[in-house]
């Protein structure tokens, strides 16, 4: 059954505009309106998901087909990612239902929903300027999210994160806009597929400049190596849900935009393979940097933040290998990260919720005894993040290593091994702390909603880990989209 | 084409360079936000400049302009002007949020300097094991 | 052949520009905020009005709009310079040292609603 | 921890900024300034210019692009503004107390108060004019909304202690936003296309009632932007007093 | 709502005039829209307009026109005055702030008076405190303080007492 994918954007917008009215007339209801919006998105996505097995789902807006109007092209890659994003957002929002009153819950929920909407819009839109608009929706919601401190946290770090992100994100978006102006000037069109069609006739220098701006702008959004100084600041000062959103939703949308613009649009206009090489080594450097920084950090929020940066690098590197197995591995890693990271953030937020300021590693001590369910869920999350079989990350790393091996990229393989060792180091430390029962710790019950969501994501990890088969059909399309621009062009020109 | 058209882009890019330089070299939040606004202005100008066509009028066919219903060859490109409208609104939103965040930073730390905004130098010592 | 109204319009615009330049010159030469505001307000108001009406005369379809602009400038420009002068005085910007008299200071102290000039 | 000197920090910054701006400069010079690119059949804008008036019924081609061809962008833009207003309000609520007591400034003088009051109706009229004529002349919902918000700002400057109704502002903001989406959904229901201008032939080109749904959308945008910007101003005042 | 019927009527008429000048069109749709807009704005906003005092309508209109003539003349003189002071090599200025007591009581009249003073030669109105106006004067004449508001006190007073 097909539903117009534009509803993925419209439903949350209706919900967002309903929030002020509701908070006037029915104050108690206002903070759950965003949840309803997200559920609406999830329903639309679920109805459309089946169609992704046959290729992209498209729609037009404004009464004119592409390239004149704005078209929506939900490629299987975009659809898969959007599903994951909606899942992460639902995870974040539902986990907070525990009967406790939290300050600023309405704004927080609205911003969670809007960040997700922007991210989903970025991955499904077929128009490059529309992508910029959604990028901005995401970034602005991100600033507000970063400014909302976690409960009882009083150090002003949230403001630091918000200010830095607002500044850096602003620069990023305006560089992206400059790149869009360049591409429009060169090709007289804004539709992604049409730009991809015409890019080969454009002067190489112009394409190179466009790549420079797009790389800086979207690289900032997806936390790539020299451009990610803002990220730890944001992770450090905000709520655990904000951390999950930045690593699971906002950054992922930037990542897909970067990949699509680089591989589908700009790569044909440049020297063969140069874009891929640049991204490959930037990704590898990001991975190494992120994992090393995570290994040496002591605040748990930053450990997880740096670890997300590392994973972003790993993803970019694996997609940039340019072979089918690399993309297959990248998709699996992406799913694995989207499932495992929110679990870790959520359980860490639970274990360290009484701390003011930074949350040291030791706050996990004895978690397995004080709250066995939280301990077990977190252990599974950690193991899934390292890549214990059967988890999506295991398959991802397996495919990635085999792809790198068959390409003869020995330097990359050694970087991957070093990074994985760092990863095992800090995740292992977390595990030891969880099972360290020497210190007495008061019993602590995990709130029901949080437990259920954690268990659900654990279930998904096992599901994909044991049965990666059904995803293979979608991954074929992902490979098709990223390897050959002609596929995207033919999907776009409806 | 008289050969001096590069001067438009030259001016815009000088603005852009000033903005980027301000953001990279200033640790003061307010000055950095000024840099952001300068970049924003430069990019807006850039969009309008991309759509300009020599010796053409504004894309409005009614009344004073005396253009027909289908003014092909007589008006400039309307698309970048529509984009600039969006870009201005977005710039406003970004600036407003950045300023409020700067106020929050100032009130909670007593300073506007982002001193240790560099890798690994953020005060790790505060973490007590 | 240029129409007569266009010539008049051009002349008005030129006069307006001349006054604007004079105002800018006064802004540089005069010694303190208040004196500078004097020059700036008068010249810029009349200059802008002159330019607006010049445009209206040269292009008669725009005349009504130009008149509205002129009226609005006439209303708002003095208010704005008054606001600047008052705010400057109340936040402590001193008069030029060559000033001969200041009855405002005493009045502010007397009325007590002077805020806090530091 | 050593603090690097200003020059040490400035020089790399200068190099990076010149690199980026210089690259962009050379690329844009390659594209050219003021050249005719819109008349070729390949250009998207060609259709906007050639058929814009007949396809949308709006004499202002920029408006036809903003509201009709690329109406989805405009929806996003309205959302950005909504988020900014909500976000700024929330962040102002979150601001820590800095312990300082803010003294109330002096009362505005008679000239300011009365002059502001005299100007407000004119500004409001001009704002309304701008957003009602968005499809005929330069301007539109965003510009008109901002002008109306200026009148509101002037009111607050003239009467800093004035009571304003936060409820009314957020109510009109929400309703205007919902009606924008509602108009879009009418298109989805009637012709299966979101934001389709289902009555595009309505009215005579160049008259006030023309352009089908365009003026309605621009009125909704105007009201929304006006109340949003007013709300923004009002929230910032709430912090200052 | 109808506490100030005159203000309401005047504001609607003036807003309608402004609307017609803005649209420069007498098309029926424009007129209908203009009536709607100006009536609603008038009803909503007439109560905040400045109070204008009472007086004979005919003579008020006459003096209002006279006011504009005087204002125009004074503005032109003012500009030549500025030019003289700025371009003179010695800058003949003798600034200071003086206090005057205009006879006008209505808000509208005070507003117009201070605006007119700002636009006339060498003076800039700074503030009203109670019924006194403070004027920054570029060339103070200690003997005859009232000459700083010379041409206007009477004319404006006739329109808005």
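Lettered A, B, C, D and E in written order, each chain numbered from 1.
Here is the rule we use: a residue touches a chain if its C-beta (ideal position, glycine included) is under 8 Å from a C-beta of that chain, and two chains touch if they have at least 3 such contacts.
Note that the coordinates shown come from a computational prediction; the quantities given were computed from them, not determined experimentally.
Chains making contact with chain A as well as with chain B: D. Touching chain D and chain E together: C.
Taking the CA centroid of chain A as reference, the farthest chain centroid is that of E. Of the two chain pairs examined here, C-E and A-D, it is A-D that is joined by more C-beta pairs in contact. Rounded to a whole number, the gap between the C-alpha centres of chain A and chain C is 55 angstrom.
Averaging Cα coordinates per chain places chain C and chain D 30 Å apart.
One finds 61 Å separating the Cα centroids of chain A and chain E.
In chain D, the positions touching at least two other chains are 20, 24, 28, 31, 37-38, 43-45, 48, 70, 73, 76-77, 80, 83-84, 87, 91, 94, 96, 109, 111, 115, 118, 122. Contact of a single residue of chain A with at least two other chains is seen at positions 129, 133, 136, 140, 143-144, 147, 156, 158, 162, 178, 185, 190.
Each of the following residues of chain B touches two or more other chains: 16, 20, 46, 50, 63, 79, 83, 86, 90, 93, 97, 100-101, 104, 107-108. Across the interface of their complex, chain D is touched by residues 1, 5-6, 8-10, 13-14, 16-21, 24-25, 27, 46, 49-54, 58-63, 69-73, 75-79, 81-83, 85-86, 89-90, 92-93, 96-97, 100-101, 103-104, 107-108, 115-116, 121 of chain B. Remark: chain D residues 109-111, 114-115, 117-118, 120-122, 124-126, 128-129, 132-133, 155, 207-209 touch chain E in the complex. Residues of chain E that touch chain D in their complex: 11, 15, 18-19, 22-23, 27, 29-30, 33, 37-38, 41-42, 45-46, 48-50, 107-108, 110-111, 114-115, 125, 127-128.
The residues of chain D lying in touch with chain A in their complex are 20, 23-24, 26-28, 30-31, 37-38, 40, 42-45, 47-48, 55, 68-73, 75-77, 79-80, 82-84, 86-87, 90-91, 93-94, 96, 167, 170-171, 173-175, 177-178, 181, 184-185, 187-188, 191-197, 200. Partner chain A is touched in their complex by these residues of chain B: 16, 20, 23, 29, 32-33, 36, 39-40, 43, 46-47, 50, 79-80, 83, 86-87, 90-91, 93-95, 97-98, 100-102, 104-105, 107-109, 114, 117-120, 122, 124, 126-129.
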